[in-house]
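A, B and C are the chain letters, set down in written order, and residue numbers restart from 1 in every chain.
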Amino acid sequence: MRDQVEGSHAIARAVVRCRPQVVCAYPISPQTHIVEALAAAVRTGELAPCEFVNVESEFAALSVAIGASAAGSRAYTATSSQGLLFMAEALYNAAGLGLPIVMTVANRALGAPINIWNDHSDSMSQRDSGWVQLYAASNQHAADLHLLAFRLAEELSVPVMVCVDGFVLTHAFEAVDLPDAARVDRFLPAFRPRQVLDPEHPVSIGAMVGPDAFTEVRYLAHTTALRATDRIPALAAELASVLGRPVPAPLHPYRLAGAETVVVALGSVLGTVQDTVDELRQGGRKVGALGLTAFRPFPAAALRQALTGATRVVVLERAFTPGVGGIVTADLRAALADLDVSARTVVAGLGGRAVTRDSLRRVLTAAHEDALAPLTFLDLRRDLVASAERGA
Amino acid sequence: MAYPDVRQTADRTAGNRLLPLRQRAVQADPDRPGTLASGHRACQGCGEALGARWVLDAAMRATGGRLVTVNATGCLEVFTTPYPETAWRVAWLHSLFGNAPAVASGVAAALRAQGRTDIRVVGQGGDGGTVDIGFGTLSGMFERDDDVLYVCYDNEAYMNTGVQRSGATPPAARTSTTPALGPAPGNPFGQGKDVPRIAMAHEVPYVATATVADPRDLERKVFRAMAFRGARYLHVLVPCPLGWGAAPHDTIHLARLAVQTGLFPLFEAEAGEVVAVTRLPGPKVPVAEYLRRQRRYAHLFAEPPRTDVIAAVQAIADRNIARYGLEVVPDA
Amino acid sequence: MFQVRIHGRGGQGVVTAAELLSVAAFLDGRHAQAFPSFGSERTGAPVEAYCRISPRPIRLREPVRRPDAVILQDPSLRKHLDVFAGLAPGGYVLINSQRDWRGLDLDAFADRLTPDRTVIVPATQLALVHTGRPLPNAALLGGFAALTGLISLSAVVVAIRRRFPDPVAEGNVAAARAAYRQVQASLSVGTGLAVDGRERAHA
């Protein structure tokens, strides 16, 4: 049923359709509306059987999800920014234990300085945790990706985070088609855990593994991630046929045919990028866009294939590594290693600064003319940094 | 399972052949669950291994084996699960250091959602994981009244990592981070947390203290705890020969002395009120008798002896005796 | 695509106004996108919210810098912010106030405002009369429908009823209808021109 709803609400409805048995979360802007909606759904019985646990911290939130998942229940939580970091230990724990928890990360900048607005520094900081990371370009995409996430997680026994731009998507009202229960149940069967805490068949989960076997256990995490690379497109296609609409994953290509310059971007900024691409194409510039829906595992082979014809790539980053530059750029360069494609990094929209068509048009035009520096901080206010740099 | 108040020959043994079978400890039963199997890697004389075996066997007996255990990082987890072996004969999950209560809450929530409230949950950890790093999640579990029995095996320091001070380390005790140096050697006075009383402040259904000196008392308290639903807390004193600097064969004796001095009061509380205490079996034992057997207090007995510190420790024991009413009732 | 920017202060329902506007447009069969500028959520602080309406799916997500319409829920803001920044020539302006053009000193902005597309409606007062609360957003939506013809009054009414429980909903509906009538009346009195409901494409 198609309706004009807030992004958070759409995500909550998608999660309700996925029938988690345990929902546990700690409030942090801008994730709050999602868990509030789920609390209401549990109270009214719309989501049942389900235990909604009001936890005392984000660390507790993921911990409760870990216990629930290990005990054989589908578990869900959501967080942002500082909360994601506060549960960082548990992130690695969940991935290492192969628990198919799904978590929404309402992307928000990491402090200091404290900032409640959108960028990708939070999820990017946990890119090595072993969690699958999917990035939504719109609220429809966000809702659909949660369905994909639960299915993928349980099939491979790996946790999945669905990254949704905080405020920009979570607090935006737009039309979303919310699938009915029958459709979702067709795509997402009941959870059958690979191993479970069961008094009838007791096992010890979480043993101490020494140097003699640790490498092998970790290697298996790597192969699981590689399997996810294969399964994501297949599951996305299956979901698309169930829903009757495209579910772009792992890639979200736009006007790549004949594109010399391609903008690679993650998340909601892709929409603005697409509008800018249309403008530039109208002006005769062969520009295209490639959204990455899957960032972890990094879809290297698919990316290579998509960018083989391009001359240059502009990677639009919503986070960066101080002293180094782009994060996505590094993975992209590795994937395109022996192709004759140059890459430029544009760090944009940090801490919620708007990424505007005007600014994108400028940098893309410059890039297209090979006049863009390797690393640009979009719309940097030089007046603000000048005095600090003078003093340095 | 009610134990009569017996005082008789061999009442210190688990078996006590003078009692009817049904009144003996679970440990006396050849068909006991054996939840913590032998072959684990604990030190000789480890109080925690002893306590965990007794607690889990009693819990398994109380629940007919329908039990799931969540274990914090620490000695117990490390010496029981060296991959590819495990000593546990119960569904068991190692959480992290600071979140065993929360993970246990999650297990309980899942079982509830699955309609399997017949399966009970025990969370367990050492004093470090309970009193310090796990304190926030413990309080959360208490506050929500989650249906978990949490057991703290208190050996009064971070033993797994080399005997560092914890919030449960008693005053004057030497640890690797509270060395016996300077004018106030060992752990400072005026610090530390009394988690049983903090648990009581949360008004959870049941709180109890116990030691490895009295298996029947410990088992009875586990059974009592399992008769309640909601958040329950059991604090068990488990001497650590290595960390306390004591002889491995003194583990049980030291636990008994801790009780008999009044330093470790035995009591039960329900909904925030003390409902039962175990009075001292005889005149209180001076704390020096307890302290002198542990090298972590050796600096108090050097030349010149720190009688002032010993007196301060005695004051703590005396306060406990007064607070909980532990005095022996003189014969009328 | 038609872009609307709404200015107000925290606590005045600015964000809700944008959301309801988008719902009304959706009900009228269009694509719509609404989102707030993400300032502090403290009461009294300046807040902006945006709404885009289009016959085609909307992909753009930057804040609205070149609005085709500005709704000013709290005119006191015009002294602190450039509330009309980027307003398209011939753009619509709807101001919540009991004062008139002179009383609001709108001559100072005359070079940017189009008189027959600038309407003032006492939305707060209408809200007080019909709901007992000084929240002008629903009333302003009724006024906006009349001013631009971009959304139908009936869609506004449905959007209000879906959002608020009774009896608040009916009070807001009454306020919206009252504002609609007032704006209609002031437009026809002012210029004799009927409101043009055609879609305005803005570069």
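The rule is simple: a residue touches a chain if its C-beta (ideal position, glycine included) is under 8 Å from a C-beta of that chain, and two chains touch if they have at least 3 such contacts.
Bear in mind the structure is a predicted one, so any value in this text is a computation, not a measurement.
Ranked by number of C-beta pairs in contact, the top chain pair is A-B. Once CA atoms are averaged chain by chain and compared with the all-protein CA average, the nearest chain turns out to be A. A straight line joining the Cα centres of chain A and chain B is 44 Å long. Between the Cα centres of chain B and chain C there is a gap of 66 Å. With centres defined as mean CA coordinates, chain C is found 35 Å away from chain A. Remark: chain C residues 15, 18-19, 22-23, 26-27, 31-36, 38, 58-63, 65 touch chain A in the complex. Interface of chain A with chain B (complex): residues 21-22, 24, 49-51, 53-57, 59-60, 63-73, 75, 89-90, 93, 197-199, 201-210, 213. Partner chain A is touched in their complex by these residues of chain B: 65-68, 70-71, 77-78, 80-84, 86, 88-96, 98-99, 102-115, 119, 136-137, 139-140, 143-144, 146. Those residues of chain A whose C-beta lies close enough to touch chain C in the complex are 3-4, 6, 30, 116-118, 138, 167-168, 171-175, 268-272, 274-275, 352, 354-357.
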